[in-house]
Each structure stands twice: as C-alpha cells, then as structure tokens.
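Lettered A, B, C and D in written order, each chain numbered from 1.
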Amino acid sequence: MRYSETELLICVAARLMEDRKTAFIGTGIPMLAASLAKKIYAPNLVAVFEFGGIGPSLEKLPLGVGDSRTFHRAIAAMGICDIMETAQRGFIEYGFLGGAQIDMYGNLNSTVIGPYFPPKVRLPGSGGANDVGSFCWKTIAIMREHNKKRFVEKIDFITTPGYLTGPGAREAVGLPPNTGPYRVVTNLALLGYEEKSKRMMLLATHPGVKVEQVIENTGFELIIPDKVGENEPPTEKELKILREEVDPDRLYI
Amino acid sequence: MRYSETELLICVAARLMEDRKTAFIGTGIPMLAASLAKKIYAPNLVAVFEFGGIGPSLEKLPLGVGDSRTFHRAIAAMGICDIMETAQRGFIEYGFLGGAQIDMYGNLNSTVIGPYFPPKVRLPGSGGANDVGSFCWKTIAIMREHNKKRFVEKIDFITTPGYLTGPGAREAVGLPPNTGPYRVVTNLALLGYEEKSKRMMLLATHPGVKVEQVIENTGFELIIPDKVGENEPPTEKELKILREEVDPDRLYI
Amino acid sequence: MMILGEGLGELFCPPDPNGFREWVHKNKDLAMKEKVMDEKTAIATFVKDGDYIGTELYGTVRAPMSLIRELIRQGKKDLGVAGQGIIEIDFLLAAGLVKTLDITYVAYEVYGISNILRRAVESGKVKTTEWSNAAIAWRFKAAAMGVPFLPTRSMLGTDTFKRSGAKVVECPFTKMKVCLLPALYLDVGFIHCHRADKYGNCQIDGISGFAFEFARACKRLIISTEKIIPHEEIQKYPEKTIIPYYLVDAVVEAPYGSHPGEMCYCYWRDEEHLKKFLEDSKDIEKTKAYLDKYIYGVKNHEEYINLIGLERLKWLESQIGGR
Amino acid sequence: MMILGEGLGELFCPPDPNGFREWVHKNKDLAMKEKVMDEKTAIATFVKDGDYIGTELYGTVRAPMSLIRELIRQGKKDLGVAGQGIIEIDFLLAAGLVKTLDITYVAYEVYGISNILRRAVESGKVKTTEWSNAAIAWRFKAAAMGVPFLPTRSMLGTDTFKRSGAKVVECPFTKMKVCLLPALYLDVGFIHCHRADKYGNCQIDGISGFAFEFARACKRLIISTEKIIPHEEIQKYPEKTIIPYYLVDAVVEAPYGSHPGEMCYCYWRDEEHLKKFLEDSKDIEKTKAYLDKYIYGVKNHEEYINLIGLERLKWLESQIGGR
C-alpha cells in the first residue's frame, strides 16, 4: 500500500506514545500522531493542550491548540496557566516540539534566521515551545525536512532548550532535573540521544533510507550505534484510520 | 425607643459605609452593619467576603465568611486567592477589623495575650485580618469593649498592621501607600486618626457618654480635638430593620 | 535582591519543587482508572503517622468532616496541619493527633475562640507558626504553580511576619519590598466536593475557597463527594471540572459529608449540633464524651449519618438557600 | 538572592503595582452601573495613541475581532502590543499601528508563518522582546495578583530568555535558580465573551485561555459579547462569573464578534475566509485590499456581518461541535 513521507512520519510518531500517560500536544503532526495513537495504540492517552484542553475525545482533528476540538468531551477545560503549571509541577510526561533548526543537543530554533534584530527571517517565536521543552519529562521533536539546513552545528537562536551545551547543562541553569529531549522523528529516520553525552543518535531509518543518507543530511556529527533499526512502514490499519478517521479532510496528509 | 450598646454600635458602623463602593466584610458586627447599610444607606454597596463571595444580596445574615449566604444571588462566587488579589490590586475601599487589643496607631492583636509561645491566652490568629489591614484603602476597627485592657499603650502582638510606629512606617516596610486605619467604632464612641501624627483621635461620643469617660477608658493618650461630635442614637427605622430584617433570629443583637 | 528580613517561625514543611516533581513522576499514576473506595481504605492506604496534612474549605463550610472523623478513628498521629479551620482542626487537636500547626485562624467566628486550641497551644503541646489567611492560600498556590515561592505584600511590618517562615526581599524590577512565601506541599489533602466521577474528576458549586490551589499542592489527595456522577456528565461540561482525575488518589462517596457544616445548595449547617459541641469543648471530659459518641462510637460515616438521623438531615436540606 | 542573569530585551511596559493601585483608586468607578455602548464609542472613549494594549484569547479562537477592526478604523497608532496572536495582530501590523511587540507567537499554526509579521519585523519597523507563551500569561497573572513579578522555571538557559526582560535569581528558600517575570499591566485590554450583563459581569464557556488573569491586568477593559443577558442570570450562577463588573469599562454587544475565528458551542472558524486572507497577506497590495474591503470599507460590525452574510454565518453555526 503506497504512503506519503508525512503519513510515515505520523505513524512513527504515533507508535512512540505510551498508553495511560499525559502528552502536551502542539499544532500539526503531533495532533495527528496523538489522534492516531489514541485510536490504535494508546486509547487512554491524555492529550493536553496549551490553552486549557485536557483529555478531549479527539474525534475531530483540532486546527489550533485552543480550538473547541481540544476540549470537546474533555476531562477538563482550564486555562493556559493551569496547563503550564501542571507541566511545571511535573505532571506531563511527553511534549511535542518542532522548529526550523535543531542541533546535536536537541536545542530548537523557531524565532529568527540570521541576527536577532532585524532578522533575515522572522519566525513565529516560542509560543509554548520553550515551556514544553523546559517542563515535560520527555520531549519529541518532529522535523519534516531532514537536511543540513535544518540539522546544523549551531542554530541561530535557542528558542527552546534541548540539552543546551551537553550533560548537566539543563540542571546548571535551573531547569527541572531528569527532563529533556527524548526522540526526533524526521522524514528519514527516528533518532534519540546517547545516555552519557546527551548527543543525538540514530535509532532507526525509514524503509528504503540508508544510514549514509541520514549522515549526509545531518549538519553535525551524528552518533551511529552498532545496531541501527529500521522502522516498519505504515500498516494498512494505520493508513486506513489515518486517512478515514484522523484526517478525512486531508488537511495535513 | 430603647436600644442596646450593640445595636448602637452597628448603626454607627452602618452609617460609615459609602454607597457604590466595595467593602471587605468579616464575621459578626461588620456583617450586620453592611446588611443594615445595604438596606438603608448604601443599596449598591458591594460586600466582598474572604472565601469568594462578591456582592451577595445579604437578604439573610451570613454566619461565616464562607457560608452560602455570602454568595447567594451574588455577582460572583470566586475563591480566596481572587478576593485577596483583588484587594492587593487596590480594588477594595473599606475593610473591617476587630481584635483583643488596639494601640494608638490602630495596630491590632488577635493572636496571643502574653508571650508568643507558650502564650497566656491563645487567640484565633490573623485569618484574613492582616491581609485586610495591609491591602484595603481604609480600615474600620470594631471594638465592642472600650476599656484600658483593650485600648493599650503596647499590644502584646501586632497581628494586623495599623500605622505601625507612625507616619511613613507602613510605606517604609513595603505596604501599599495611602492605605491604613480610618475609623474605630466602640461601645463608647466613634474615633479616627489625626492626619499628621496618624494617632487615634476622638471624633464623636455616643449618646450619654462623656469625653472624660472615653479618655479614662483608653490606655494611651488620645487626641481630643476642639470639637467633639455626638453620635445620633439609632433611629426607629434603623432599629426596625435591624431587628426585623437584618437579625430576626437575634444571633448578635 | 538580598534578604532584608526573615520570619523566626519554623518551616514545618520546607518547599522542594524538584522533590515534588520526582515524587509525582515516581508515584502518581496518570492513568484514568477507577478510584472509588470506602473511607476506611482511603485513609488506611494513603495516610501515615507523621504526615503533613490539610483540609479544604473550613469547618462549617464544605469541609471533609467524614474523612476527618475516619482519620481520628484510625488514630493517625504526630500530624503536621496547615491552616484555616474550625471544628475539623478542633477535632484533631482534641484527639491529640497534632504535633505542629501552620496556623492562620482557628476559632468559631461569631461564637468566639476555640477552647481546644487554647488548651493545646497554651500547654505548649502543639507548636505553631503564624500566617495570614491569604498567605496560607498563596503558599498552596506557589506549590500548585510548581515554583518555590510567591511574592506578596501582606504580613509586612507585623509580628505575624516575625512568627512566620516568610522572608522580605527587594524586588529587582521595582526596588519595592515584597514578602516571599515558601510553597507549601502537603503529604495528604482532603477535599469534600459536590460531584465527582469514579476517576476523581470533581465539580464544586458556589465559591471555590482554595480548592483549586490546594488540590494541586498535595502529593496524595483524597476526595469525598456528596454524589458520584457518570463520566459523561464531566465530559459534557468540561469547564466545570476544578480537580482533574490525575490529582486524585481516592474517591469516597459521602452524602452529608460536611455535617455539622453546610454544603451550599444541598444542606445548611447544623447550628444546634455546632453550639452543643462548642459548649462541650469548654470541658475536657465533655469534649472526650463528644468524640466518643460521634467519632469513636461509630464504625463509619454511614453509622454517623444514622446517629444524626435522616429526619434531622432532611430538615437541614430544607434550610439551605437555592439559586 | 542576587541577580544571576538579566535578559537584554527592552521592557516596553515596566511593572508598577503601586502606580496601578493609585490609578485604579482614582479612575476606576466601583459602582455597578450600565456600561453598554457601541464599539465606536468604546474605542474612542478608552483607547488613545501610544497605548499598550492586548487581546484575549487568540486570532482564530474567541478573539475580540470586531473591536480590533474598529480600533483599526479609528487608526489608534504607536501601539504597544502584548502577546500571542494570529490574524488580530496581523491586522494591526498590516495597518501600521504597532510600534512595539512583546511577542511569544505570531503565525497561523497549521498554515505556517505570518508574512505580515515578517515584513514588519524584518524591515526593523516593529521592535520586539521575546517571551514564552506561559511567560506572557504569567506576566498577566503577576499583574492580576498585584505583585511586581512571579517566579518561573521557564526560559532558563535559552536565547528566548536573553531577548526577554526577565531576570534570573537564586531562590532564598531552596537555592535553586528561578526566572523572575515582571508583571505586565495593560492600558487597554479587549476580551470577547459568550455572555455578559449590562454592568459587565461576564461568562465564558469552554477553556478560559488567559481571560481570568488578563482581565485583572488591565487598566481599561473593553468587553464584546455574543449576547447581553439579564443580571438575574448572573446572580443565579455566581460561580460562572469569570470577570466581575468592576474590572469592566465598556460592554459591546457583538454577535459573531470572533469571526473569522470560532466561538465554542456557537460557531466554527471560517476556514475559507482565513485561507483567503493568508493568501492575500503574502502580497502588500492584496493585504491592503483585504483591509479596505473588510475593515475600512464597513462602518461598523453590523455592516461587517452583512458583508460576510448571515447565510454563511448560519452555516458556520451548523459546523461547531456541541456539548
């Protein structure tokens, strides 16, 4: 069964979600991944949205982190402060992030390309990203374009903290201990971080993608373990539910 | 028409309330005064209660600062934080206070008699009193027993700030500027504070009470202005409404 | 922004946001599962001797009295207790279970001071640290926010501050003096609400007191509720949920759970009962007799309800104001 | 507790709790009086050039769009703007009315970045200071609490902090590093709600966003509402009041006031309209044409509603989810 890069990426992200956990969901791919996960792998996943939605049914795909679908038949409809404070208190396990640039420590840039002011390209800004990256126990970055322009040695602006400059750096600046980047899902592969060095490490390539290809498209030295897995292509069930139930209007896929 | 000391005290306090203002209401006399004022002098007085009640009808007399009568047909039913923060933001004009001891600067003690620990007599503690005394623009103290045991040179414990040690002292410790004690209503008289010295000053005696009597019953030097007024006795209307509508069950009067 | 002043009061429960985070991550089950149990099991499972506990709202208003009575029956001792209270704290003090008290107010409002508090503190048995009512609520709020402290403009310049565990600093933005309140995390908290589903999603009518902040400041949270409602009711009005399930460890169904206090829109306070207890509380023996009859003398809340009598309770229902 | 780090970002609106208190005491009428007026009067009366303003919730969700359109018609300029936004901030930027921006996020979520923001900032015309989304909300919360700052654990160690106006200090209780956020007080705030009475007591359905904190952080607060309800409705469910009348200066009735954004339980977002604007916004002339047609080209919200067409709006009503 044929599938698109985006569909694969969504399926790989969805498979990362544990059941019976909380996940801080941002706009776009994470919403599809969470919705797909809820329908197949994690029926009791509690999706939490920035502006107050907690544990909605996710029958219909939200178009924004504050829209009415983020709290339709939800457990609670609160406000942004309660959500962010719940994360700051340590109640949110997973957090999803994105950005224009990422470095080997998982630091992300979604603010500016070039100097800060005036910038070459003005990007949206942090929004909740910095908070999610600061508070959630494990963050998962979604990068739709795995190339040297986006996976760089030095990002132009650290919008959202990854492991910053390496081991112990988060704790040193005052961020909550034992938190930080967990996975990166791209159009080429699934990546993680090496326990000791906190540096990005290849975990598994997508079907048909070679390890070299991932290395060539990464602008910093990527840790390659002895064993690199290969991600399963989307199953028929995944694709059917994704296309017919999660995103029938084809807003994202 | 005959009346009790308490009834007079309530009427004098009720007459102090301006219409169309907010007032932080504590248990007891203040509730009766506010209720009476609302029925005669200040129909649009917005009574605010510690645990969340804002602008209730006060048809029935509350027995506690959190009971259901404090938010029956109210404008809003919030929580203690919103009420206290509203006061801290400067939105509450009047605050009512009481205590076992008061000094010439209007500082109040409702915590202990004797040393702090173990105390000779353990009193209730601050409750919201310290907050009301810190945040409200004008505070009114209700003292049912005007005598030398209660009006003292030095109180055993400053539970709630009056003018502390005198002019400028509140601002010096960080309390909001231009706030502080405004009136004291006792079983003998109505008192205020001298503009310059911030010291307690006699304003008006109750019917049949002589100025000397007030001085004799005050344990510190009281400022006596050239003109001392005399408070009107309760009017028939005041007594009728107080007895038949405000406190028909005679809980307080 | 240096420290300009410090309260002398002992911090019975110092703030530790990182410790709380780690504890939550290790011990709090985020799965939405059924948590309905009887009060005996709830207290036995989640409360231990020496715990620092708290209750919301207070004595005569939406107080978790049925849980407090069970706590006393099980004799959990050496407790640290936070806050504002009336009869619920008097019960604990009279039963001799309290070691330390972060006190803001313990008395009977219109009916005056607490004789039980006087005996407990004047004898030196129970240690105290002072706070204003807002200060205690803001300490819970700091914990709920996941920060070690909150600034406030209360308590400044008073002995209430001197006997508290707060600190005064200069604001680095405005140079004004502010009072910093340390976050207060509870080992176990008790809240009585109007409605909850079997997972612990809770609704409260009327004023919220400090339920929102308090619920978020507890490691363990035991809910008693007038009524258990279907989960679908929660989903239909998600904005009514003040306490989401993941904060809750146990849900105990307890109709009339606030008696002798009131429950807004449900039943009015039992004035006769309260006055009788207040009278009894003046005498040690009579206080003991009260506890024997209404707490130790009954096996559970159901027996307590029968002791008070349904007729009496129905009458109290008829006395409460409507919408 | 000394300062360990400071953001380089300009504080466009420094905190001043005492100044706010004095302003409120002098200017805010605490009397509960009728405040219903049309949008023209509300904006003309309470907004001036150079004001620091803000809106709640955001662009496509319960946003005060009818008020923003009127603000632009009246050409109030040199504005400072706080926060999180989409189309509402794009409108203001495109109209050239914004001087400074405390920015956390301006873009179109699933539809990507804002071309209008790019032109405004890359040209150096609009100055920016960075904050996280929580940071902006907490800055409002600090103002709402009446304190000069709030501590948080966000933004630490990043360039977002470096370009903010926050400071890092050591907590005097725990020795941990915390980020202090200065309170953010607004000259004028705009909120669109579901229901309000003529005095300004407001109810909101669904998520509350940051309405609670925001409403309490404003010197002047202009409310637009889908519906004006009798005061008795407010009194019947006092716990539903999220904004009490004394915070409010004007109440403007504005059905479909959030269009092209959604209003939960009322009407869904106008996807076609939003996509069309996003397309137009890529081109300066087309952007101007959009403003000419939908903002300058209509006298008021009523004309705007007619321009969009009731048929379209009724259809949007049919597309929103129920309870």
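Here, a residue touches a chain if its C-beta (ideal position, glycine included) is under 8 Å from a C-beta of that chain, and two chains touch if they have at least 3 such contacts.
Remember, it's a predicted structure, so these values are computed and weren't measured experimentally.
Could you give the separation in Å between the centres of subunit C and subunit D, each centre being the mean of its C-alpha atoms?
So the centre of subunit C lies 37 Å away from the centre of subunit D.
So, what's the distance in Å between the C-alpha centres of subunit B and subunit A?
57
Just how far, in Å, is the C-alpha centre of subunit C from the one of subunit A?
Inter-chain centre distance comes to 40 Å.
Taking the mean of the C-alpha atoms as each chain's centre, how many Å separate subunit B from subunit C?
28
So which stretches of subunit B touch two or more other chains?
In subunit B, the residues touching two or more other chains are 53, 71, 77-78, 81, 88, 135, 176.
Tell me, which residues of subunit C touch at least two other chains?
As it turns out, subunit C has residues touching two or more other chains at 17-18, 145-147, 152-153, 176, 178, 206-208, 236, 238-239.
How are the chains arranged in terms of who touches whom: line, ring, star, complete or other?
Other.
What is the complete set of touching chain pairs?
Contact pairs between chains: A-C, A-D, B-C, B-D, C-D.
Enumerate the contact residues on subunit C facing subunit A in the complex.
17-18, 20-22, 24-25, 28-32, 144-147, 201, 216, 234-236, 238-239, 241, 244-246
Considering only the defined contacts, which subunit B positions touch subunit D in the complex?
Its residues touching subunit D are 19-22, 44, 46, 53-55, 57, 71, 73-78, 81, 85-91, 93, 135, 137, 176-178.
Touching residues of subunit C toward subunit D in the complex: what are they?
1-3, 11, 14-18, 145-153, 167, 169, 171-174, 176, 178, 180, 182, 204-208, 236-239, 323
Taking the complex as given, what residues does subunit D use to touch subunit A?
Contact set of subunit D toward subunit A: 57-58, 60-61, 84, 103-107, 109-110, 113-114, 117-118, 121-124, 127-128, 130-135, 137-138, 141, 152-160, 163, 168, 176-179, 206-213, 262, 264-265, 268-269, 271, 320-321.
In their shared complex, at which residues does subunit B touch subunit C?
Going through subunit B, the ones touching subunit C are 27-28, 50-53, 60, 63-72, 77-81, 84, 88, 107, 111, 116-131, 134-135, 157-161, 164, 169-170, 172-176, 251-252.
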